[in-house]
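In the two complexes that follow, chain A is the common piece, with chain B as its partner first and chain C second.
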Partner chain A sequence: MRAANLSFFAISAAALVLPLAVTNPYYLHTAIAMMVNAVLALSLNFILGYVGEKSLGHAAFFGIGGYTAALLALNLGVPAWGTLLAGGVVSGLFGLAVGFPTLRLRGPYFAIATLGFGAILQLIATNWTSLTKGPMGIPGVPPLAFAGLIFRNERPYYYVALLLLALAAYLTWRLAHSRIGRAFVAIRQNFDLAESVGIDTFRFKLAAFVLGTVLAGVVGAFYAHYTNFISPKALESYITLNVVTMVIIGGEGTLIGPILGAILVTLLPEVLRVAENFRLVIFGFILLLTIIYAPSGIVGLARAAWQKRGGERLA
Partner chain B sequence: MFWLLAQQTLNGLVMGLVYALLALGLTISFGIGRVINFAHGELYMLGAFFTYLAAGRMGYLGGIAAALVLMAGAGLLLDRLVLRPLRGGRASLWAPFLATLAVSLIVQNAALAVFGPDPYLLSSPYAYQPLMLAGLMLTKQDLLIALVAGLTTFLLTAFIKRGKYGLAMRAVARDRQTAALMGINIDRVYILTFVLSAMLAGLAGALVAPKATVDPFIGRMALLKGLSVVILGGLGNIPGAIFGGLVLGVAEALGAGFVSAAYKDAVGYALMILVLLFRPEGLLGQRMRRA
Partner chain C sequence: MPEQILQVSDLTIRFGGLVAVDGVSFSVPQGGITGLIGPNGAGKTTIFNAVTGFLAPTGGRILFAGQDVTRRKPHELAALGLARTFQHTSLFPDLTVRQNVWTAMHLALPETFWQVLATPPRRHPDGEQRVQEILDLLELAERADQAASSLPYGEQRKLEIALALAVKPRLLLLDEPAAGMNPEEAQRLTETIQQLRRLGLTILLVEHNMRLVMGVCDYIHVIEHGRKIAEGAPSQVAHDPKVIEVYLGRRGTNA
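== the complex of A and B ==
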């Protein structure tokens, strides 16, 4: 795996120096959006990819993080980095509350409950105007700052996003190579067998879900600071669909898959600008074809191609 | 106070019958077809749009008939093009589910590209004709909804309970391998299931449209309502879907009348979460073994 290590360092180095070479704010913004999406995709990947439970309210946790940060910063004057932490904690608590009753049940209950949860939160964010200012959203979320320096352009945000992405990737990597990660995969592959060898499936599922929701909350809080704005649009089901698409297209239950998926899903709409009206239709077809013909996503295709050429079997 | 209660209950029962139609379609796709159909709301939306398009020439009732024929086609396409390729082999619940999610994305945005985001008005000759019924107010449209939805529900239940193909559907629902070994053409059962399911969703859309407006996004709410009902009644449970539909309809109407109209739609989710917490097998389901 020498080549893999080498390319990993090359990509990391490129990611570090990119903002020094690229000054066009549009490109930097796209890069930040890409990394935010990648963190979201990785956070969903814990439960959707590794454990195999379909969470369909992921945008809600992103939104909870955003609203928590906005409200704490504006109403209580909590400093910026505390809000990121708080966004994660509050989102994780909601994750615990949703996951606790529903992850015990076998069948599609968890998927349906998370879908309903997302819808409820959007209703609340839209209608509880005294707290959330309703559909207009909350403007003026203060920018992040570090050592007295206020972040005024894209560059510092780029590095924070990169840091979050590195954190998410590290957590995924650590998890995949630990006893816990192997338990996750065992649960996905054969639930009954996992239980019979003594894996407490419920606790592991819940842990994966809460971890994912904490991460989604943190990145939601980051995004609210970055755009200085949060509105019920952040909780829309179409964002959840986007994130699910990233994980599926890239390859669920892998580290690189959701990141590739996030890059693709962020860039594709920009490329498909020409077909503005049919953009999401094309998107849907890509998703559908992936599910039918390449259920393990890009990573699965790459693995199959690698093995066909006589390459060593990859784990 | 009493009149408000009675009036809202009546309104709720009418909507409840529509929810029952929606949920019946969802529950047979789950119970028999083994698919949680995420595109069910889009089928509802298509039903409303097809009726709108056909009603211009054929009138409202003729429009519904034409829409039902088109919906049967939509159900057939859904089964043949999307779900069939995913059947067999390792039977996972998730691949078909995600596929219907993609279908929902495609259909919703295609409708958006064709019809635009603005709402359309589907006019029904019955929409503004009030009837008084023992002091309670009802439009002729409400009466039509109640009659058609009630009759459809009755016929479908009878068909599944007594019909030859109904028996085959129940057999496939219970154990598809044994059903196949007993000589049931399960492929045909799946087609029948999704054709029926799409027609039920389309009928619900066509019936409600004159009471509201039609736009490419009405399917989302319809799906959530349908899912809440299916959970209320118990997944795959046909009497449960009907009962759950009526419960949700009445609960929403009472919630809107006595608590807050803005949170009317939250009533369904709240009920759903309560049921998930305390009785996940549904109000009418058999007691379930906890994992």
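== the complex of A and C ==
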């Protein structure tokens, strides 16, 4: 575990000094997008990865956070950090409303409900023009500011994104090593047995889902401030698919997996420079290969390789 | 008469037009081992699932430690001290043996969401000791770091009992623990169950294996076609003509 600690500190240090060394805004923007994706992937990972319930409308919660922040900031003049909090709270309330009736049931109801919720929300964002300005989206979302300093370039946003990622990673790490995380995994591994050893499966499923939606809402609000813009595109189903891809190819129910997945899914199109329409085909293909040949994702492959070398079992 | 830990009265379970359990009443006294036997399809497991909250009964009442627990959820019953095993091996397959027992200690280690987030991970020496005790008791300590799915069959079934013990049961329900075991494994299981009795556990045993049932039970209820047809001490039941006719006579001793 020494090596793991060392590499953790090395990566953290590198992440902290990166914006000082790299000034190219394109690189910084890519890094921010990567971290936003990583937070989003970690937020989905609670319910999809640890608990194992298929949540198929995650972009909706990202979008709710963005719209909440945009509307509060522009219409009511709520200061920037309050909007991040509000984005999380509103998104979490929607998560509660979707999860409460459907997570009680066994079977595909939750997956269908989240899928439908995502589609409905996108329709609302597109058509409720008096509130959302329709497909044009809402421009002019004010930038974040701290102590009178308005964030005008990428660098400060980079640090906020890093902070959010650290928060999401801490939450994941801390929960995974607690009774709560064990309950999540128990539900995924064996639902009936989890119930019979006293785990209130409904409550823990709901907690995992709502926690994830809160986090998705916060990062959605952040992204609206960062790009100064929110539109129904933020709620599109391909974003959900992207996030699901990140979690699965990285490794469901792990801390590192979704982060690696986010890096890969963010970088691949940038590196390949392929047409937008083609990305989905490629991601779909990668997803398929992963599910068939490496169901535990990159982390699973790495673990298997490590154990083959006779190394200690990774926690 | 000792206190009754479980009292089932007039339990009826219908699936559509099929009456699977028809007005069955029985009780389990505190301490000792009570058996629930009957041929295949008699409704034993259906009764078992109703008692453990996995199935809502159509009618009747279930009292556990004097409390009406009819239609309670399984996790609520576990919190009251009712633990079960499953007929088909049921573990957390990808977790190690130790992690399995840790997970089953859920009720013993209350930690709220905010406690988890606000404090660094801490050790639970009491919990760790209890896990070790359970592993030692069931002779699983040497396997502690192996994945549950990699254990031989007999030890998987032992691990199931270990998980039920982690719930700190006042009543332990074993659903066909010897299913699929060879005679040697079944013999070792009998010893394990005897050992649990010596620890003062109260056990309700649903079982096919007659040698096991006759060997460990203090009292037996016989179910056939969803009705109770006999009850009594093992020797009594074994000589009951009705039982011999519907069960022992037709199916042999199944030992």
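Going forward, the second predicted complex is superposed on the first by the 309 of 315 C-alpha atoms of A that agree within 3 Å, B and C clash if a C-alpha of one lies under 4 Å from a C-alpha of the other, contacts with A are read in each partner's own complex, and residues count from 1 in each chain.
By definition in this document, contacts are C-beta pairs under 8 Å (C-beta built on N, C-alpha and C of every residue); 3 or more make two chains touch, one makes a residue touch a chain.
Keep in mind it's a predicted model, so treat the numbers as computed, not measured.
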| item | value |
| --- | --- |
| Partner chain(s) touched by A:L193 [first = chain B, second = chain C, both, neither] | second |
| Which partner reaches more residues of chain A (counting touched residues only), chain B or chain C | B |
| Which of chain B and chain C A:N127 touches, first, second, both or neither | first |
| Which superposed partner A:T201 touches (first chain B, second chain C, both, neither) | both |
| Chain B versus chain C as contact partner of A:V271, first or second or both or neither | neither |
| First (chain B), second (chain C), both or neither touched by A:F283 | first |
| First, second, both or neither for A:L175, with chain B first and chain C second | second |
| Contacts of A:G107 with chain B and chain C, given as first, second, both or neither | first |
| Touched partner set for A:A14, first chain B, second chain C, both or neither | neither |
| Shared contact residues on chain A - chain B and chain C | 201 |
| Residue ranges of chain B touching chain A (in the complex, touch as defined) | 30, 36, 82, 85-86, 93-95, 97-99, 101-106, 108-110, 112-113, 220, 224, 227-228, 230-231, 235, 262-263, 265-266, 269-270, 272-273, 276-277, 280, 288, 290-291 |
| Sites on chain C touched by chain A in the complex | 52-54, 73-75, 78-79, 83-84, 86, 90-95, 99, 102-104, 106-107, 109-111, 113, 116-117, 121, 145, 163-164, 166-167 |
| Touching residues on chain A, where the partner in the complex is chain B | 52, 54, 101-102, 104-109, 111-113, 115-117, 119-120, 123-124, 127, 201-202, 237, 241, 244, 248, 277-281, 283-285, 287-288, 291-292, 295 |
| Residue ranges of chain A touching chain C (in the complex, touch as defined) | 171, 174-175, 177-180, 182-183, 185-186, 189-190, 192-201, 207, 313 |
